[in-house]
Every structure is written in structure tokens, then in C-alpha cells.
Amino acid sequence: MSTPPRTGLWLIGARGSVATTTITGAAALAAKLAPPTGLVTETPPFAGASLPPLDSLVFGGHDTASCPLPKRAEALAEAGVVPHGLPSALHAELAAADAAIRPSAPAPASDRRDEDALIDTYAHDITDFTRTHGLARTVVVNVASTEPHPGTPEEPLPPSSLYAAAALRAGCPYVNFTPSTGLHHPRLAEAARTAGVPYAGRDGKTGQTLLRSVLAPMFAQRALAVRAWSGSNLLGGGDGAALAEPAAAAAKNAGKERVLADNLGALPEGEVHIDDVPALGDWKTAWDHIAFDGFLGSRMILQTIWQGCDSALAAPLVLDLARLLARADEQRLTGPVEGLGFYFKDPDSGPADLHGQWRALLDLAGRLTPASGGAA
Amino acid sequence: MSTPPRTGLWLIGARGSVATTTITGAAALAAKLAPPTGLVTETPPFAGASLPPLDSLVFGGHDTASCPLPKRAEALAEAGVVPHGLPSALHAELAAADAAIRPSAPAPASDRRDEDALIDTYAHDITDFTRTHGLARTVVVNVASTEPHPGTPEEPLPPSSLYAAAALRAGCPYVNFTPSTGLHHPRLAEAARTAGVPYAGRDGKTGQTLLRSVLAPMFAQRALAVRAWSGSNLLGGGDGAALAEPAAAAAKNAGKERVLADNLGALPEGEVHIDDVPALGDWKTAWDHIAFDGFLGSRMILQTIWQGCDSALAAPLVLDLARLLARADEQRLTGPVEGLGFYFKDPDSGPADLHGQWRALLDLAGRLTPASGGAA
Amino acid sequence: MSTPPRTGLWLIGARGSVATTTITGAAALAAKLAPPTGLVTETPPFAGASLPPLDSLVFGGHDTASCPLPKRAEALAEAGVVPHGLPSALHAELAAADAAIRPSAPAPASDRRDEDALIDTYAHDITDFTRTHGLARTVVVNVASTEPHPGTPEEPLPPSSLYAAAALRAGCPYVNFTPSTGLHHPRLAEAARTAGVPYAGRDGKTGQTLLRSVLAPMFAQRALAVRAWSGSNLLGGGDGAALAEPAAAAAKNAGKERVLADNLGALPEGEVHIDDVPALGDWKTAWDHIAFDGFLGSRMILQTIWQGCDSALAAPLVLDLARLLARADEQRLTGPVEGLGFYFKDPDSGPADLHGQWRALLDLAGRLTPASGGAA
Amino acid sequence: MSTPPRTGLWLIGARGSVATTTITGAAALAAKLAPPTGLVTETPPFAGASLPPLDSLVFGGHDTASCPLPKRAEALAEAGVVPHGLPSALHAELAAADAAIRPSAPAPASDRRDEDALIDTYAHDITDFTRTHGLARTVVVNVASTEPHPGTPEEPLPPSSLYAAAALRAGCPYVNFTPSTGLHHPRLAEAARTAGVPYAGRDGKTGQTLLRSVLAPMFAQRALAVRAWSGSNLLGGGDGAALAEPAAAAAKNAGKERVLADNLGALPEGEVHIDDVPALGDWKTAWDHIAFDGFLGSRMILQTIWQGCDSALAAPLVLDLARLLARADEQRLTGPVEGLGFYFKDPDSGPADLHGQWRALLDLAGRLTPASGGAA
């Protein structure tokens, strides 16, 4: 029997914390060095969906940074993000992925001709990766630092949109795991519509918003009146610095607010802060304070404190999405894939509550399952 | 046009905080003095279910205490549970309900003959109430303090079971809103099966367990491995004292643990404490600490702090349940009513996650809706 | 025996929440309707310091608002800040204080001649109050909403400085309980030096900073390395809106940061947010997250959540300060009074830790005690 | 110039987490591999106190366990308690300390003759250690798991008291860092009085009680009325299991309550729970909920959440105490050493607030300082 076709996972921001954790984790799971905690696609409902096996994934990507992946993985082990010992045990896999990383352009495109040339270069990098490794297909996933919100459609495309355009041009499924613009740029609308590839986004739901997507429906179902929902996020790492920029925070907070408005019927009072606290490294703390009224106007409060490792929360979702989009592409699905709101703060469509999103995801698993039955 | 038939609500523990809040609140809503916050049966999905209107409810009950309801309501206003001004504005309604309260037996039954006589007395009290007020039917709801867990089936019936038996004997729908035994006594099984009335229970889900029923599914759906779920509850009022009794706490905690085991597939490490803190009065604080593993074994923590008023959380659910059971009885449903797990820590059947329970409740609303359509 | 001389308390912002709570509380204590909880000057160490008795205080002040004090007090009772029943029981006292309130100028002074005229008017109001009521002296306390930070010394004096200048001109002791400029204006320096009255400030320490002034010394004494100290404040009322203004928040945060820098030797990472959440009314929630290193670099975290009523925290400190300044004036102390750092976020001098500040306050009590013993 | 005399540190429970962290840390500090975070005796006020240098400490002890220290240290590195890399870098030092550990008796003494023989054996082990290594003196520190509270003076001495008696018999300063009985046994009172050695105890103050000793004075100084102080502790490791035993918890909680009663003047409502949560390992979470009344009876709440590593909190205090007791012995101080309440939940004497205890500790540092001045 022949070996199964392999699938490429091309990461924009391939030497960042999320990418490094994703690549290290995939290699650890393939080598049976860790259980698949956090991977939804390894749970029973997905057993029959013919997703690409974890040991068939091949990694590459773009990045401006040059620190090699094995060294980045060691740093993450120091920080407690990945287990000690794993980076050295997986040195070969990390080095192989590192060799497949192509440099990002150091400066943004300054006019439309430059843009087109850059998109071409990026698309060629991806196609070259697919061909060199003999891959069935390659899924492009954006896990780079959040960009400031773009000004106007007339300005040059932001980097995230250049990479998204490159994915389309290379005929690759595309996932935007960040709040950056990516495919959501008016100048990419036509290409997205006609490219014939599946895509998904945006802004992975890893902490505070995940919680909000189960708590807000609870208040709504119990007819409790939420009066104010306030939040503070403390995080270090590159993400903390990027998101402390007011413009980037605005992009992120739009998603956070949408989950409240959609589930509660109206946006309650309250703000969300994102603070850069370098001392916390990859660890993120999110505090939420929810003031609500109960029967006869009684005043009540729920507070939540979420302490998690951002990269470890994101990485399994990146693997899930890459596998689901690879299979969707194999099934010839195109355009925005329905049923992936479970993964995103700001999904294209579908229900706003996590349970509804989970049901929609199970439906998608069913649609991806081969007709002959599989895990019926 | 004739006035609609009225429905009785007979409360066991009719002068307790939950009952007083329930009666005050129903009167306030009937008089349009407060919005129906917390009342699920006043939300759009229930508009067509032909539930008894709030202004058609008539209150009575049993209690050992003699402090009159208007005075109890004043005390609750002092404590901030109900708005100041409401008790005096609703004095007539509270006094009328108080006049319909019958004394509970001061001492428990000591042998089976005494038991039978007591059940008869209680059943007669209820029937008399129904007849005197010309009610279409009366729903009996247990909101008395939690009893210690009963020893053996050979011992005398605990008070909660005497009242449950009286409800059956009087042909009334019955709701056990507490973790006490109620209908769940082997010696009542046969009567429950043959009484031809609908019933529901047990142990209203008002705080920590409500939260757990949305958070536990989140961890399961995201394939995150919950390692320990610990909780502490601080509450005053009579409930704090009753639940600080180890035996009563055990009864309560069984329900709290079940929601975790059912949603997570296994019971994680961790204990639940219930402390009597008289200084907190009717206000309850519940702290939960959830240690979970993410990708590659990363250690993460979620903590929740719920600060609520127990009586204000319970009262609208009591009204919901009474209305739903009255309508179920009108529709000739008998036995345990399917679809009420939304309200209980320890339901007889149905899904364990709140969202699933909410769907089941909406299904019930559909079954209660008159065939002709009817959302007037 | 003659009645003791009475003391005036002139409040800038006399119809605000803090002032209304102060006046209501002083009247309640004088009438023995409440215990002196929160009043440091009613504890044993101050028994001999010959402070003006609580029932000898007479209230007046300036305000732009016109809603009468009895009505303001009713609103605070509705909001749960003062006990129900108190405003009506103390109606006479509240109405008397209300009658002594003079209007503030509706618009700020536009040039220095206007300034001088306004200061004169305000000084005359205060002097008139003192004379009319036959008071031994009047202490002026600023409890008005926080002003934005002033631009330059060349700009017109901000309102808080006009009132401070009026206090000096009227020969009255002065307390700045807010972070506004008050006496801290270069153009008032000379007058403050020569006025011959005692003064104190600034920015009352009522919540988060109070906590920080005991927690920061703990870390320092234990040689634990604080790496980041982050905070979020949620509050409604007028104060929430005023402090959510970036400029006003900057004034407030300067005090909050100083307590950390002074106690820890250096300012750790971390920001402080102040959010206006109208739904919370006078209730304030402050969350602090402190990341610190222990032995061998182990990472640890302390979090605190403070839920208090801002006006109820401030009011007893206002009474304390007025009594202490009145006695200091009687003792002919002039200039900044040493030993009041216990009360302020941003004191003029003295230790930065609460315990050291408390010792300094006890020293002041000793200095205020009559040589012969007084209340032995 | 001659080498300075060396000092022994004999740990009861020498292979436990606290002891292993202490030994690893002392070696790391001697080798300049870590900064002295958490070591109070390395701060400026102690520079002149002639304490034994960190690189002059020699370790030994008793334990029933046989897992060698280098392996225990590796396990602590895995658990994130000590930095990765340290155990291997310090293998020689850990192995040397391990070689100096003598076995504890497997079973407790059954009668007084057995007791005396055991005490003799233990004392001989200690003396032998001192002599073999040519030490100036050896300080004995109990860091073994907490014992259940002893029944009556007639019962056999608990193990902690046998070791305490052995320390006295060997003429060694003694520190009880645990809530176990140790020297606090009536049958050891006479020996303690006449042994001519300094001693200190008991129950190291490392988390929740440390916080309480700064927060309780704050409430007292501000005249705020604490109504209820409730706490929950979650911890794994051996300590979690030991303290979850009701009898051991009772011993520990006595100390926790004393700090409240002593600082507040009366013990407020509220309980303390200690839960064994193995999943947390050496990491401890303590939640405190403090309900207090402010001005006019307003209800306010402070909550604290302390997340620390128990061994990393304890280890530097163990080093501090050993150094201070060694110097006290050198200065011929005998009996309970005044000024060490800073370190203990249940000190023999002195102030109950942390700041007062810190002042007392600085006084002790002064008393230990050579008259000529001497901070060499």
C-alpha cells in the first residue's frame, strides 16, 4: 500500500510563538510524545472525516525573523510553554521546518506594482514548497502579529492582505487566525470569490472571548439583564506589545464586543483593555467583570479570571483548522467554509454562542465525511 | 368575557426567603411595578404556551414559622433583596397570601400511622385552599430549608417526603426545588407512578452549578483536560446554616458533582465547601478554581467568582416551574416532566449541559403550545 | 457650663455624593443613629486629642448643582450608600446644611482680574458662614469632581485653586481630598507659605491605593521581586465619568504609581485603568494583578479585588481630616501638617507605607493633645 | 587568612520539597547562579549582623524517604519549582548533602524507654555530622510534613518532639518551621528551659497568613469593621495530603486564626479550608474573602487570590532562620529568640502585624551586630 499524500501547512509568522508551538506540537504528537489535548479534530466526532493525519503534515512559512526554530523552541521550553526535553528530541523536525521558511519582505509594498511583485514572490514560495515536498496541497495560515487597522482602501495592501492574495494566487486554502485584515480587504473581494479555494477567519478565539461565548448565552437564556461587561487582558510576548497599540487593540476588541452584542441582543456598558506586560511572557491573564440584574432588579456580579498560555491555546486550533481546510479543499468546497465559527472571534457567519458553533462544527464534520460511511 | 381560571401555588416553607421573594415578586409583576427580569417563561419562546398569567396566581403554603409575610418582606427589603417600598405597596397581596398559610407539624412523624395522618392533614390543607379560592389547580413547590440526607428507607419519612406525598394525595403537580428527598423516597415510588400528576425536581440550579453547566461543556468541546475543579460557597441566611451541616451539604454536593461528571466524562479532583457566614445574609459568593491542561500539557487555570442573591435567583425559577407544571397538568402530562433539566442541579433525565437543557426546555414549550397555534 | 465652640466644615462640591454622605453621616453619628465605623478619630488613640466633637460640626459649602441635600440623600439611600430611613430622620439637619450652600461660579475665570474677584466672593461666602453661625473656625475641604490636569502656570487658575486661594484669604485651614491642583499651583505658593493656616492633601486614599500601601511594603520586606503591578478600576457615579477623562486619570494615576515606586524602590511594569461604568453607581471595583518573583526566580501572582462604596469610604476620612485640621489650627500649626500621609495618595511628605503613616498619625495625635492631659 | 568556620543546617524531612529547594537554592546562591530573591537576610539591614555566609553552610538531616536529593531536585525542576539546569549544575553539592542524611526511625516510639533511645540516636547523628564536617555549630530545622495534633501529654511524644528533644540533647539551636508540636510539648518544657540554646517557631508564614498579617492591621487602623473572613487553600504535594487531614488542618488553622484575632481584637466569622489537590503539585492557591462594614454600615468586600510555590516561599525563610539562629547561638542567646514573629504564623511572642514584626526583626539584627560595628 502506498503512503498517504502529505499536506503542507504554510505559516505566515513561521518563527513566532504560535507557529513554533504548532510545529513542535505536531511533531510531538506524530512521535507519540504527547497526548492530543486541545485538538478538537482528534476527538471521536471527527474520526470518520478523513482529515489529513497529524504525521502527514509538512511545515514551512514566511517570517521576517531569522532566529532558527530549534532555538525558538528552546526559548519556549524555558518559558514553560512547551515541555523541557521536547525541543531537543524533535530537533530534526524543527530544523526541517526551519529550512522551509522563506524570508518576508523587510519593507511593505509602496505602490501597486510593488504589491503585485511581492504577491507573486510569496505565491511562488508557496508553490515551490508544495512541489518540492510533493504535497497534495498546502494550507496557508496567518499567525503573524496583529496589524494596526488599515486606513482606507486606497492605501497599499497591508502585509496580511499580501499573503492572503498570495495564497489565492497559489490556489491554496487560507486561514486568518489573527484580527488583521487578510482577505477582508475590498481589493481582494473579487479574487476571493473566484479563486476556487476554501477559506476561514478571523481572529482565533482562545481565551476571554471563548468564555464570553458560553457565558453570554447563559445570561440570555436565564433572562438575566447584563448591565456592564468589562474586561482587562494582561499579556507579554510579541502579542502584548502589538495589541497594546491602540489601533491593533481596536481591531481585536471589535471581535470581543461582537460576541456580546450578538448573544445579548445589545452591547452592554463596559470596556476592554489589553496591556502589554512583558514580565508575563507568553502567559495571558484575562479578568472579566459582569454586572447583571436579577429578579426585581437585584444587583449581582460574576467575575472570571483566565490564566492561560496564548501559544498553547492557539496551536491546536491552528492544526484543527489546517486539517479541516485541507479536507474541505479535497472535497472541492470553496469560499468561506460554514461551521467554523467555533474557532473565531469574528466569524463570517453562523451562530454566536459556542454551543451553537460546536453543533455547526459537527455538521461540517459530517459534510466532510466520505459518503461510504466512515465513522457513520 | 369571563375571567380566566386562577392557579394556586402552594409553597412548602411559605415564609422563608425564597417564598417571600416569590410571592412579593409575583405581586409586583402583576401590578407592573417591576420588569420580569429572570423569568424565562416571560421570554418570547414561551409566549404561545398558554401558561397561566402571572396575575392569575394565588399563593398559600405550609410553614413552621409564624412571622407574617408583610414583615418578612420588610426584612428582605432591609437586606436589599427586594426593592424598598415594594412591601408596603403590596401589603394587601402579602397579607392575603399570609392568611392562606397553614402551620406545619412542629415535630416529625414518629411512626407510620402518624405519617399517614400528617399526610392527610397536609393534603386536606391544600385541597381546602384550592376549593376556597376556586382555583383550576394548585402546584405544590418545596422551597423549605435543605434536610439532612435520610438514613434508610426503614426510618420515618422526612418532612419533605410527607409534603410530597400530600401533594400526590391531593392530586397536585409537585416541584422539589431543594436537594431534600421529597418524592425520591422508595416508599413514595408507587404513589408517584400512579398519581396521574406531573412532577419535577430536584435542587434548583441558581449559581455555581449553573455556571458549571456552561463551563464544563466548553472544556469538553475544546478537548481541554480538566484536572481539578474546586469550589467554595459562602452564604448566610437560613440556607447557609442548613447547608453547613455535613449531611445536608452532602446532598447538595452530589448534584454539584454530577454536572461535572456528566459533562466531562469523569469527575476531576477537587472538593466543594459550603460555609455558613451569617454576615452575608441572603447574599451568596461562590468561588470556583479550575485547573486544566492545554496543548502539550501546559497548565492553565480558570477562576470564577459569583456574587448573587440566592432568593432573587431562585424566585423567578419557582414561578417558571409552577407555571410550566400547571400547564403540563392542564395538558394531562403525568410523571416526571421531560425538558426541565434547565432548572435543576440533579434532574431526572435529559442533557447535562445548559445549552442542551435549554433546547429541551424550548421543546417542552412547543409541546405545551395548543395545536391551533396560539401565541396570542 | 457653656456650650463648646462649634466648628464649620465648608465643602467644595457640597451637593456631591461624598459631601452628602459626609453631612448625613455626621448628623447620624451626632444623633447616635449609627456607630462610628470608619472614623479613625473616634478610636482610642485620639480620645485625648481635644478634637471638635462630632455634634459640634456645622456644614456649608459651594456647589454648582442645585438639587437640595435632602433629595440627594434620598438618592444615596436608593443606591444603598446610606441606610434607608436616615435621610428622612435627618431631614432638618440636611435642610440646614443645604441652606448654607452658596452657588459656585457657573463659568471659570477668564483673566486674573476675574480670578481675584471670584476668590474674593468665595472667601466672603466662607467668612459670612463662620460669622453667621458663630463658629470658632471653619475648615475648607475640596471634595468636588477631579479636574483635568492644568496645562501651564500661565493659564487661568483652575476652579480647585480658586477655592484654595479663597480658603487662605478667609484664614481657614484647607484640605484637598481630590487629585485636583488646589494649593499645588505655583501662583499660590507664596500665599500658602504666609497665610498662617494649616493645610493637607492630596487625593484621599480610599481603595486600591490603600491596599497597595500595605501590600507593596510586604513584598519589599520579604525581598520578593515585584515584576509587574497592573490594575483596573470600574466605577460609576460622577467620579467614574470624571476619571475616565484621560487627563483626570493621569492626575489620579500619578498618585497610584507613587506609592509603588516609593515602597518598592522602583516602579514595576504595569498600567492602571479607570473605567466609567454608570451601571455600578457609587460602587467601585478595583482589580489588581501583581506578578512577582520568589526564590530562584519562581513566578508567583497575587490578585486582589476590592468592592467598595466610594462615598462611604471617603466620608469618614473627610470628617477625620476636618477635625484634625481644626485642632491643628487651634494649636496654631501652620503650613503642611506632618503626619497625614495616612489619608492621601499623594501626601506632601512622610513615609509611603501605611503602617509608617499610621505611626506618624499617632504622633500627630500626641502633638495635638493638650499638655495637661486632656481626655486622659 | 584562615577560612571562616562553617555552619551546619540539619533538616528534619531532608528529602522533602522544602528541604530540597533549600539545599539547591543555597548551593545556587553560593555559586552565584541565582540572585538572593526572597532572602531577607541578604538585604541591607542585615549586612552588619555577622550572619554565617551562604557559602559556609553545610547540609544534612533526617528522613524516612530514600529517593536521593539529586533526583528529588530533578523532579522539582520538572515541576517548575527550581530552574531547569540547576540540579545537574549542582549535582556534586546535592550528592554531598544526600550522603549526610540519616534514616528516620520507620515506626514511632511505643514507650518512654524507646523514646529515649530514639532521641539518643538522633542526637548522636547530629553530633556526628557536626564533628565529621568540623562545623562551628549545627542548627536543626523541622521541615517535615505536618503531624496531626497530639492527643494528650500522656501519649508518646510525636516524632517532631523526638527530633526537637534530640536537638536540645545535642546542644543545637532549633527551629520548628511546621505547625507540628516540636518543642511545644509539656514534657519538653524543662529541657527547653535549661538546654542553653536558642530556638524559634512555629509554622512558617508563607502565603495566606502573610497576607492576613498586613491586611488585618489595615482594617483595624482604618476603623473598618471586619464581619467575616473566609479562606480556601488548594495545594498538592505531600503538604496538601497532610493538611487535608482534619487534625493537621486544625493545627494549621489555629495559627491562621490567631493572626486575625490578635490584629482585629476579635475573631470574625468565617472558616478556613485546606484541600488536597494533587494536580496542583507544589503550587498553592489561597482565596480569601473578607466582608467588612464601612461608614454607616455600608457593606464592602475584599478578595485576595495568592498563587505561589510553597517550597519556593519556604526555602529562603529556612535559610534566614538558620543563619539568624546560628548567629544568636554564637552570641550566647538562649531560649525563644525575640524578634522572629516575622517568619511564623504562631510565634511565641511579639507583635501580630507584619510591620511590627519586621521592626522587631530589625531590632534583632541590631542585637546580633558586633559592638565594634563590624559589617566586614
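All chains are identified by letter, namely A, B, C and D, in their written order; residue positions are counted from 1 within each chain.
The rule we apply is simple: contacts are C-beta pairs under 8 Å (C-beta built on N, C-alpha and C of every residue); 3 or more make two chains touch, one makes a residue touch a chain.
To keep track of the chains, here are their UniProt names: A, B, C, D = Myo-inositol-1-phosphate synthase.
This one's a predicted model, so the numbers in the text were calculated from it and none came from an experiment.
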Chain pair with more C-beta contacts, A-C versus B-C: A-C
Computed distance of Cα centres, subunit C from subunit A, in Å: 49
Geometric centre distance via CA averages, subunit B-subunit A, whole Å: 43
Residues of subunit C whose C-beta touches two or more other chains: 80, 301, 303, 305, 307
Arrangement of touching chains [line / ring / star / complete / other]: complete
Touching residues (chain side subunit C, partner subunit D) in the complex: 21, 24-25, 28, 34-40, 42-43, 80-83, 86, 210-211, 214-215, 217-218, 221-225, 293-298, 300-309, 312-313, 315-316, 342, 353-356, 358
Subunit A residues within the subunit D interface of the complex: 77-78, 80, 84, 305
Residue ranges of subunit D touching subunit B (in the complex, touch as defined): 227-228, 230, 232, 234, 268-271, 273, 275, 277-280, 285, 287, 289, 291, 301, 303, 305, 307
